[in-house]
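Presented below is the structure to which this report refers.
As written, the chain order gives the labels A, B, C, D and E, with residue 1 at the start of each chain.
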Amino acid sequence: MIDLQGVSRTYGAHAAVRDVSLRIPKGSVVALIGPSGSGKTTLLRLLDLLERPTAGRYLFDGVDTGGSEQQRLAIRRRIAMVFQKPVPLATTVGGNVAAGLRYRKVPKEEIRARMAAALAMVGLSGLADRDAATLSGGEMQRVALARALVTEPEVLLMDEPTANLDPENTTLIEEVVRRVNRTQGITIVLSTHDMGQGQRLADTLALIMQGRVHQSGRAQDLFSYPGTPEAARFMGFENLLEGSVVEKQDDLTVIDIGPRRITAVSDAGVGEGVTACIRAEDLTLLSARSTQGSARNTLAGTITRIALHGSFARVTVDTGFPVTALITRRSAEEMEFRVGQPICVTFKATAVHVIRRADHSPPAAG
Amino acid sequence: MIDLQGVSRTYGAHAAVRDVSLRIPKGSVVALIGPSGSGKTTLLRLLDLLERPTAGRYLFDGVDTGGSEQQRLAIRRRIAMVFQKPVPLATTVGGNVAAGLRYRKVPKEEIRARMAAALAMVGLSGLADRDAATLSGGEMQRVALARALVTEPEVLLMDEPTANLDPENTTLIEEVVRRVNRTQGITIVLSTHDMGQGQRLADTLALIMQGRVHQSGRAQDLFSYPGTPEAARFMGFENLLEGSVVEKQDDLTVIDIGPRRITAVSDAGVGEGVTACIRAEDLTLLSARSTQGSARNTLAGTITRIALHGSFARVTVDTGFPVTALITRRSAEEMEFRVGQPICVTFKATAVHVIRRADHSPPAAG
Amino acid sequence: MNEILEGLVQAVHLIVTLNPEVIEISVRTLEISLLSTAIATIVSVPVGGLIHFREFRGKRVIVTLIQTLYSLPTVIAGLFVFLLISRAGPFGFLRLLFTPAGMVLAQSLLILPIMAGLTLTALSGVDRSKRDTIISLGATETQTVLSLIHEARFAILGAVVLGFGRAISEVGAAMMIGGNIRGFTRVLTTAIALETSMGNISLSLALGIILLAIALAVNLIVMLVQQERVPHD
Amino acid sequence: MNEILEGLVQAVHLIVTLNPEVIEISVRTLEISLLSTAIATIVSVPVGGLIHFREFRGKRVIVTLIQTLYSLPTVIAGLFVFLLISRAGPFGFLRLLFTPAGMVLAQSLLILPIMAGLTLTALSGVDRSKRDTIISLGATETQTVLSLIHEARFAILGAVVLGFGRAISEVGAAMMIGGNIRGFTRVLTTAIALETSMGNISLSLALGIILLAIALAVNLIVMLVQQERVPHD
Amino acid sequence: TGTPSEGTIPLTSPRPMAEGPRGTLLMATTTSLYDTGLLDFLRPDFEKEFNADVRITSQGTGKAMELAKRGDVDILLVHDPAREIAFMDEGYGINHRCFAYNYFIIVGPASDPAVIAGMKPEDAFRKILTEGIKGTAGIAFVSRGDGSGTHAKEQAIWKAAGFNYTVDVQKTGAWYIEAGKGMGETLVMASEKGAYTLTDEGTYLAFKGNLQLTPLIEQGEILRNVYSAITINPDRFPNQNATLANQFITYLLRDTTQQKIASFGKDRYGKGLFSALQGADCVRFGCDCTALAGG
């Protein structure tokens, strides 16, 4: 469906998107994730043919999009976009939703019906006659989705579609998106800051950093096996430990991290510099020095910080180097953790994701 | 600091804020949470003196704000606001950050220094000379925070300050907010859709629904003891079970939920209609019918749905009525759950939050 | 200063007594300036829209030239049209000189640059994000321009009102092309010029007041129409 | 149509031979219209800003009246000022009649409504969220208006350019108040009117072309200034 | 004197057309003549009798002649003998006839600072110039300066007084003000500045109420002001409505019309603004006085 070949977009001296190659098959859902200012919006604008690449080619359904404005319009009409900051056109909510259909010269009655259906879909049926300028942030975001979907696009682009929505509406929108993808086979590319949303919605995640596709792949792969320490940090690995391989037994690898050693599963060779990445939620805390359990790694230390976050607690333990564990609040309360308390941190060798230093640069192109 | 007394704001026939009374002491952090369109932005605009209430009084530091524009300006200069959709003024990033100081006739050199410091604080030092219109969504949001904080306000209002930010920048901003609150004693009122953010940042949460303060209190109280089923759903209780009390023993209460009974801790009387609310993460799944553990409630059922969300799995079990449990992905994989599999759901009596039907209406005013 | 009061009294008198010559001149004035404004609007708003929308070499030059034509003296515009339609000119055969049709032509040409220029300014005021939204929704170039015009409709209506004001108040082209022929091409401004040159100051003022009254009526109608259709398109 | 070519040739000739009378008239024209524009800008932009910003009863009426004054014929504006400053008038003692200062006064008054009205339109085009941002940042009323003007500066610059165009191109008030006195109050438009009444069509056109050339120069300077200061304030 | 042209079109028509398609006569005239209201006074009778619309555009003399030369009008009414002759010599017109006359007057402030009241016009001009160039306070002269018939007459007086206009008069000091505008405005300016000026009587009378000027010199051959009508030569411009133009001229010269001309303005100003110019006077003023058949 979408085939970007070495696409770049520069603004003056600044390259917002650099040499991106990306194939997005029909019917798939791709989430762009990445830090603020990394180029997600620019990439989506390129995909929507709002900008022309300063270098590279963009094939849509096999057709080069570099043609005349006429040709680009024909392609653009098969695409719809929900902007990061959706703006209302100066008319009613209904008029906003109907705009794309009016441009396509759809008959009046059909417009009315489809507009009403689209508004209902995003839970805003009552608002058709309201002046769109008076909508709240979240209402406008939903109107923008209705406005895009009502044109029955083949590709739906969404720039942070739920950034201004509460959890309930986020669920609603995600369900709408999933439904149109499943039932109508609409290809979806969205950007999101909500990692969970990326995983919930997308088959493929593309991690964008500094204008490049830093890494892309199945959500689960990206989530579990980030290719670089930056990616790992961005993917939520809270514990990144720099070290080097000192022993190997099959793929069981012993890594020297400053004062301690940990065992991981990896294909890095002895002497190689690596980064060991462990998620906070994969660390278990044991109150005694009881070496029970099958976990390969057990590190003794003292609690240096406990932070409560909703129903979870984030416990930082100094084991020679600091590691942070995420446990349920309830168990933190039951085990009566206190700062200064000695404790054991355990984790399985398989819970350690090892990034070999040689893999860091250059970042893998998508 | 802030004292709202029965404040309302209507637009034509629509009441965006209704009869809100709210006291916010100096130095505290209050988070407004609530569904899209519930009136959070309107409330913040009232607090920033951008709108006048259509009814009620607003005292700022003991002074009625209903005076002349001159008087309101004096008060408004002690307040700063970060808008939900921050817009750049048509100048450079630096000019945007400096605007509030220029209005206050701060000397040029001081402006320059404070502007640079504010930009550094939000991690955008390099961008002072950039045309603000070219910023990405997240960059602009951070500039808006710098623009507000640089005026050293006594009260900082923030409307979804991190909606467009990735997790790393969200953490950065949250730390800035926490710091200015701790070190400078700035009173903070923010709206957020991110429950976690509300809990991380705020002493007090105010749940806004349909223009009213539905419930307010310590984050933990609101989180654990929502006053109404709507509040409970909004606070993330996924399992809301309607029933009535059939037995009592001290405060151990047996509730009849359709085909099953559960035991909870509550002061509801026999015969009373109640809603039993249980968080998904407080449900434990046991593969066998082993009645091990101290949990009071054990319900047998079959798995009807397993949804993987990042490192968690959401498992829905039909026990006569559907309940949803949130467990780690790892344990779901280890226990090899499958749809259709018989299973036991257990939870403690203390994990059930009981809302008495009599409490529902009228919603508690803040 | 008595003349102003006198002028007011005389204006009221002319209006309430339905002075036939004044009515005839006023109706002609209104017809000619409305028609000129309509023609200029139909031409200049889309042209302004296209210039705004399209990127091409020399765009800035064209915009500057249009703005320069804001300074076109009405007499020069009149002279130019005169040379075109005078009997010796290329369009002399149309016999437009000293006719209301010729005046409409001259006034349309005169206000065209102003209206096109103000349309450009109005459209530049529309947020870029609105334009992106419209394009993304699949609008053709024409639809985009029309939608942008709709977004900027207040400013563009302002341009139309200004064009009308310029048309109804100008005298140079009206005199040059119309010739101020009594009963045929005399309009309020040329009548005012005549009365002034005849020393009838209070009558001049009376006619000026009537002209402004007509403009006020047109503006009120525009205002009402505009208020009625605010949220819908 | 030969006259147009002739006019062009004559214009070039007048310019390259530095015809002293043409140069004198042109310099005076430029001075008077620039000064009028400056005065009108200083008055009308803040006034427009305040009207836009403040909410008060009768605001719509005032806006409509301002727009109605778009239709003020230059002769009527001239007559009005004439009655004020003629020897018998209340300001006769100032001896402004038939002086360049009087012309500046008349032209300023003439373009005031246009510039105030267009300022209003320009400011209405600024997004409400910008206004909220400015107010929230602690701007006083004056600062808010100034900042809004800065946000709408392109449209307001357009208004200024239009005001200048109207001032430099109008003849009615210049004739009435200045008197077209050779060597003292003669400006390009009154000279054009004179040459036209004398039937010197190509000389009129030549003067018209010189007037437009001056306007072009002013516009180019405005354009350059504007381009230079885009991102900064 | 003007040479009567041998037009191919009969100078008179046997009978005025009472019916048939309504004709249109386009007339260019000088402002000072039109502004008196004389033409609108004479027009209706002609229109009725000849079933035609007379469309009058009043312009500066030069502009009116330019319109005539371009064939944009059918008939020209002016009062600038020298240029009329040139116009005829160049073959633009036929049937050049005088139809009325009056006298220019020299007006000035009642205080008459140059003390010219009652002088011969040429002497008065000389006196004003001498005093003006000397810089005597309060001496000023406002000239139309617009190439109009009145301006032409003023120049003729300067010439008769022995001056070279461009050298001895123009730009010799602040006393000589070249207004470059119409008669009425020139009078207003002279009044505002307390200056002398040369004016036709009609305009002066029309503006009198608003002026602080009095007539100081009303006598003198040189002040005579003769109005003529010229039909535009139809040979040059084929579609010219020369028949109707000639009919209008004939109409002007009729006794009845001449009487109306002589009486015009009496009701308003107490005296006529124009004198009839047919019969004996005609030859005296060097006009073509051949009788018109059927006039």
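Basically, a residue touches a chain if its C-beta (ideal position, glycine included) is under 8 Å from a C-beta of that chain, and two chains touch if they have at least 3 such contacts.
Small disclaimer: the values here were computed from a predicted structure and weren't measured.
In terms of the stated touch criterion, the partners common to chain D and chain E are C, listed by label. Distance between Cα centroids is largest for the pairing of chain A with E.
Compared on C-beta pairs in contact, B-D and C-E come out with B-D as the pair having more. The greatest centre-to-centre gap from chain B, using C-alpha centroids, is found for E. Between chain A and chain C, the centres computed from C-alpha atoms are 56 Å apart. Centroids of chain C and chain E (each the mean of its C-alpha atoms) stand 36 Å apart. Remark: chain A and chain B have CA centroids separated by 22 Å (rounded to whole angstrom).
Residue positions of chain C touching 2 or more other chains: 127, 196, 201.
Residues of chain A in contact with at least two other chains: 85. In chain E, the residues that reach two or more other chains under the touch definition are 59, 185, 188. Working note: touching chain pairs come out as A-B, A-C, B-D, C-D, C-E, D-E. Residues 127, 129-130, 132-141, 143, 147, 150-151, 153, 230-233 of chain D are the ones touching chain B in the complex.
Chain contact summary for the complex, chain D toward chain C: residues 1, 3-4, 60, 64-65, 67-76, 79-80, 83-84, 89-90, 114, 117-118, 121-122, 124-127, 152, 154-155, 158, 161-162, 164-166, 168-172, 176, 188-189, 192-193, 196, 201, 204-205, 208, 211-212, 214-216, 219-220, 223. For chain C in complex with chain E, the touching residues are 86-88, 97-98, 179-185, 194, 196-199, 201.
Of all residues in chain B, only 45, 48, 50, 69, 73, 76-77, 79-81, 83, 85-87, 89-92, 95, 99-100, 103-104, 131, 147-148, 151 touch chain D in the complex they form.
Of all residues in chain E, those touching chain D in their complex are 59-67, 145-148, 171, 177-181, 185, 188-189, 191-193, 212.
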